[in-house]
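Note that the chains take the letters A, B, C and D in the order they are written out, and that residue 1 is the start of every chain.
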Amino acid sequence: MSEYNSMEMMICVAARFMEDGCSAVVGTGAPCAAGMLAQKTTSPNMLILFEAGGVAPLLPTMPVSVGDSRTTWKALMASSMTETMSLTARGMVDYAFLGGAQIDKYGNLNSTMIGNDYRHPKVRLPGSGGANDLASNCWRVMVITPHEKRRFVEKVDFITSPGYLEGRSSRDDSGLPADTGTYKIVTNLAVMGFDNPERQMEIETLSPGVTVEEVQENTGFELLIKSDVHETEPPSKETLRILREEVDPHKYIIGR
Amino acid sequence: MKVYFEGEGELFTNPDPDIARKHFRKKNKTLVDKRMKIEDAIGKFVKDGEYIAIGGFGGVRVPTALMHEILRQGKKELGLSGHTATHDFQILAAGECFNRCDIAYIIGLEARGISSNARKYMESGKVKTTEWTNAGMAWRFKAAALGIPFLLGRQSLGSDGIKWSASKVIECPYTSKKYATFPALYPDVALIHVHEADKYGNATIRGVSIADHDLARAAKHVVISCERIVDTEEFRNDPHKVMIPYFCVDAVCEIPHGCYPGNMPFEYFSDEDHLKEWLTVERDPEKFKAFLDKNIFSCKNFNEYLEKNGGLDKMQELRKKEFLEE
Amino acid sequence: MSEYNSMEMMICVAARFMEDGCSAVVGTGAPCAAGMLAQKTTSPNMLILFEAGGVAPLLPTMPVSVGDSRTTWKALMASSMTETMSLTARGMVDYAFLGGAQIDKYGNLNSTMIGNDYRHPKVRLPGSGGANDLASNCWRVMVITPHEKRRFVEKVDFITSPGYLEGRSSRDDSGLPADTGTYKIVTNLAVMGFDNPERQMEIETLSPGVTVEEVQENTGFELLIKSDVHETEPPSKETLRILREEVDPHKYIIGR
Amino acid sequence: MKVYFEGEGELFTNPDPDIARKHFRKKNKTLVDKRMKIEDAIGKFVKDGEYIAIGGFGGVRVPTALMHEILRQGKKELGLSGHTATHDFQILAAGECFNRCDIAYIIGLEARGISSNARKYMESGKVKTTEWTNAGMAWRFKAAALGIPFLLGRQSLGSDGIKWSASKVIECPYTSKKYATFPALYPDVALIHVHEADKYGNATIRGVSIADHDLARAAKHVVISCERIVDTEEFRNDPHKVMIPYFCVDAVCEIPHGCYPGNMPFEYFSDEDHLKEWLTVERDPEKFKAFLDKNIFSCKNFNEYLEKNGGLDKMQELRKKEFLEE
C-alpha cells in the first residue's frame, strides 16, 4: 500500500467506472479529481457538468466551489443551476458523485442533521444542496468516502439523498424515476454495490490486503457479499502519474 | 387527481401569483435613474421582518457589500432563502438578522468547512426552518417568475427532507405518476451582485447565473450591486447582454469588488485566506466579535473593509489569480 | 372628417388611452402605430413589448412580424416568447392590443374559425397565436377594428381570446386573473367600454358626426349606451403630424 | 385536488418524461463531428409519421432550406407543431407533409395575409387538429425541457380553445384557484436555423429566441442549419454565447441564407416580394404547382432556389434592408 495513499486509490478506482462518453455532475474535491482523471484515462469523451451551471469546462485547476470560475474555464456553457438540474431531470446525466455524514445499507445519504428530532438536531449539517436533486434524477450515484463505522449506519438519521430507501421496490414506489439509484460506494477498504433484489449494500471488491471481516468491522450494519468477491485492481503507475502530475499537482485532494 | 402527501414545513411566503400580480402591476416601468448609496438602498428596500433572497452561489458573485450594510443597519427578524448560501449565510448569521429560513444549503462553505457560528445559530432554536433542495428552491423561483403557483419535480420524493418542506406529492393527471410540487417563492427583496448595470437597472451577469435569472423576476424588490455602471448604449447595441431588465430593479449601487472575498467570475478570484480567517476566528466568540467590529461594524463603507484586508494590492492579486496568472 | 381618415382617427384615439409609464404588448399594424404614437405624445415612458421577445426597442420602422428584427432594434432585450408571456402572467403588462374576425357583446374575440363545428369549420382562421395568452393575463385589452355588423356579433362562433365570457362574474369564475378583461374597443364609429356590472359593450364616445343609431345599425347586438355619451375628441393637428411624419411616413398603416 | 375539466383534443405525443428519459440517456454526449449534407440530415432524422417542430417565428429565423428538403424527399404523415407557424406552415402545407397538427397559429403570415392553399388544406379534413395558444405551446416545450409532465398557466381558461386542447383545468392545492395544465411536448425532431454553430452542434442565436431554447432541449432529435460554421474556440472563449449545447444536437448543416425568404436578425431582412408572390400564386392551383416545381422540387439544392430568386444581388439587398441602409 505504500505506492499510493487511500485517497489516490479511491479516486483511481472511482474514475475507472466512468465509461467513455458518459456524463457526470461532479462536486469539488475527490469527485472532481475522479472526473478529471477519467477524462485523461478511461473516458476521454466524458461530459463534465457542475450543478451551478458549468458545462464541459477545460478545468485548469481544482475548483473550490461548484459554482466558481474554474467550472466555466473554457467551458461550452456558463449556464444556470436550472439548466443543469433540468438536464438531470431529462435523463441526460449518467453519474452524480455524492457524499454525506452517514450512509445506510440501502445507500441513503444524510447531510442534513444528526439526531432524531428535526426540530432539535444534535448537530445541524448543511442540508441537501443539490445532492438530493442529483440523487433523485441522475441515473447512477457514485459515493467516494472513508470507511468508518460511524458513517456506515444501519439507518441514516435523515434521508437527505435517496438511495433505495427501504430496499426492494421502495425507491420506485416513491415516484423517483425508474432505473436510478446508488451505484457504487468506493471506500479505502472496498467497492460496494446494490446489484441484488434487496437493494442492499454488497461488497464487490476489496482493496489490496483488506479482508471481508475488516470491512464488516468498520460497518454499522451487515453487508452482503458478492459471490465472486475479489481484490480491487490497484491503480496503474501511469494512472497514478496522471493523477499526481496532471490532475492534482498541488496535492489539494490527494495530499489530505 | 390525488394529493398523496403534504409536507409539514411552514410556507414563509405566499405562493399565490395574484398577490404578486398586484405588486408587479404597480412597479415602475419607466426608465428612471435608480442609482443610490448602499445605505439608502438597504434602508429603503430591506425592512425588518421581510423575506430576502441573496443572488449568486454562496462564495461566488455574492453581494457582500449589501450584506455588510444589512448588519450595520441592524436588520432583524428577516426571512431568508438559504439557497446555496455559504459565506452569505455566514455573514447574516453573524448578525443574527433572520429568524426563519428556507434551507437548501446552509452553514457550510463547501469544501472549506463548516461555519461554527452559523451552525450554533441554527442549533440555538432561534430560527424556524423549512427544508428544501437546490433544485427545489430554483424551481420555486422559476414558478414565481412564470407567474404560476407551483412547479413539478421529482427531487425530494422519498426523502425525509420532503416531510419538513411545504411540498405536496400529487398524482400527475397525464401519467398517473407521483410528482412533488414546489410552491412559487416571491421574496420581498432580492440582493444580487452583477458585473455591469446601467443607471436604470438593466444588468448583465458573466459566468454561471445559478438561479438569478428567475430570482430577479420573482422578487418584489430587487437591489443590484455592480462592479461597474455602464452606459445604456452598451446594452442597446447588443440586446443579448441584459439578463435582468430594468423594470425588475429598484436600486443600483456601484460597488467595485462588491463580492469580495467571494469569487467574481472574469473579475477576481475568492480570497481563500480571508474566508479561512472567518472560519477560524468564529471558534472564539470574543475574537469573532472583535473581528466583526473591525471588518463590518466599524467600517464606514465597503472600501474600508477592502483596505483592512489588503486593499488594491490584494484586489490585483485576486485578479491575477482569477486569470491563472499567479 | 376630411382632415384625417378613419385609420388615423382610430390610432390617435387608441394612443390616448396609454397613460404615461404604462407597459404594452403590441402587434404589427395599427397597434404598433398606436404604441409608437403614444410614446411620442401621451406616454413618453411607455414600455413597448413584442410577444416573440423584443423588449423596449427604439422602433426604426413598422415591423412586418411581431418577431422580426425591427422589434429588437436598439432594444434592451432580445428575449423570448417565454419571457414576454411570463411578464404578462406576473402582472407586469398593462395593455395588449388584439383583433379578431368577430367580437361579441362581452368583448370575446374570435380568430379561430367561422362555423358551428370545430371539426368542420366553414372558414379556418389562424387561431390564437399569442392573442388568448395576452387576453388572459394582461390587465387590459385594447381592440382597434373597423365597425362592421358581420364583425360585431351577438356571440362569437369561437371564443379564441376571452373578454368577459358570458358577462357578470363569469370571467373571474373561469379562473382568469382578477381585474383583467377587455378595456376599450376603438372603431371608426365609436369608443366602447365594459364599465358596467353586466360587462357588456357600451358606447362611451362617438366619432365626430356619428350617431348612436348609426353605431347600433352596424352592430349585430344591442349596445349599452353610457349616460354621458359624447363626441370623441378628434386628433389634434400635432398628433396627426407626428403620426404621419414620424410614426408611419411610408403610410403602411394609415394609407390602408 | 380537483380536476374541473379535460379538453377533448388529442395528444399527438406522449408527455411522460420517463419515455423521454430513456431516449435522452442514449443520446451521444461525445464531441463528434455532426456536419452533414442537408439530404442526409433530413433523410436520417425526419421519418414519415414522426412529430416535428420548427424553430423560429414563422417568417423569422425559420429553417427554409430544411423544409424544402422535406418536400423534395416527399415526407408524409408527419405530426406538426403549429407554433407561430407562418411561412414554414405554408411550405409544409404545400407538400401536404403532415396529417395532424397542434395549432397555436397557422395558415396566416401575420400582417401579410392568409395562405389560401394552407387554409384549403386545413379545411380539407385531411389534418387532425388540437388547439393551443402561443404561450401554451411555449409552456409545453418548457415542461419537456424541465423534464416534468406538465406546466400550469392561466392562458386558455374560459376560452373555447381549451375545449379542443388536451389541457385539463385543476384546482391548485396551494391557492385553491383554477389553473390550466399544459402537457409536456417532446417532438421527435426539431428543425432550427441558427446564426452560428460549431461542428459538434453547439449553436448560438441572435435576436429573439422565441421558444427555441426549450424546443432544442425538448426534442428527441435536433437538426441545426446555420448561417456559418465557426470554430469551437469561439464558444470556449465566451461560454455565454451557446444557447443550444452540442449534446442536444444530432446534425449540423451549414446553409448560408438558409432562412430566406425569412428574416434572419442581424443578417438579412425578409424578402417581402417573394412572400407576396407565394400568397398570390397559391390562388391558382396550376400556377402554384409550377411555382413549387420551379422553386423547390426542381432545385438540386438551396442555392439554386436562391439563384432563381435574385441570387447574390438579392441577398446583398436584403442585408442592406436589415441594417436599414436601403
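The working rule: a residue touches a chain if its C-beta (ideal position, glycine included) is under 8 Å from a C-beta of that chain, and two chains touch if they have at least 3 such contacts.
Quick caveat, the model's predicted, so the values are computed rather than measured.
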Those chains which touch subunit D and also touch subunit C: B
Farthest chain relative to subunit A (centres taken as mean CA coordinates): C
Chain pair with the higher count of C-beta pairs in contact (A-B, A-D): A-B
Centre-to-centre distance between subunit D and subunit A (centres being mean Cα positions), rounded to whole Å: 40
Separation of subunit A from subunit B, taking each centre as the mean of its C-alpha atoms, in whole Å: 28
Subunit B and subunit D: spacing of chain centres that average the CA atoms, whole Å: 37
Whole-Å separation of chain centres (CA-atom averages), subunit A against subunit C: 58
Shared interface positions of subunit B, touching two or more other chains: 17-18, 142, 146, 148, 153, 177, 179, 206, 240
Where subunit A touches two or more other chains, by residue: 72, 78, 82, 89, 137, 177
Chain contact topology (line, ring, star, complete or other): other
Contact set on subunit C toward subunit D in their complex: 28-29, 50-54, 60-61, 64-69, 71-72, 78-82, 85, 89, 112, 118, 120-121, 123-133, 136-137, 158-162, 165, 170-171, 174-177
Contacting residues of subunit D [partner subunit A, same complex]: 17-18, 20-25, 27-31, 144-148, 202, 217, 232, 235-237, 239-240, 242, 245-247
Residues of subunit D touching subunit B in the complex: 1-3, 11, 15-18, 142, 146, 148-153, 168, 170, 172-175, 177, 179, 181, 183, 206, 240
Subunit C-facing residues of subunit D, complex: 56-60, 82, 84, 86, 103-108, 110-112, 114, 119, 122-123, 125, 131-136, 138, 142, 153-161, 163-164, 169, 177-180, 206-214, 263, 265-266, 269-270, 272, 322, 324
Subunit A residues within the subunit D interface of the complex: 20-23, 45-47, 55-58, 72, 74-78, 82, 86, 88-92, 94, 137, 139, 177-178
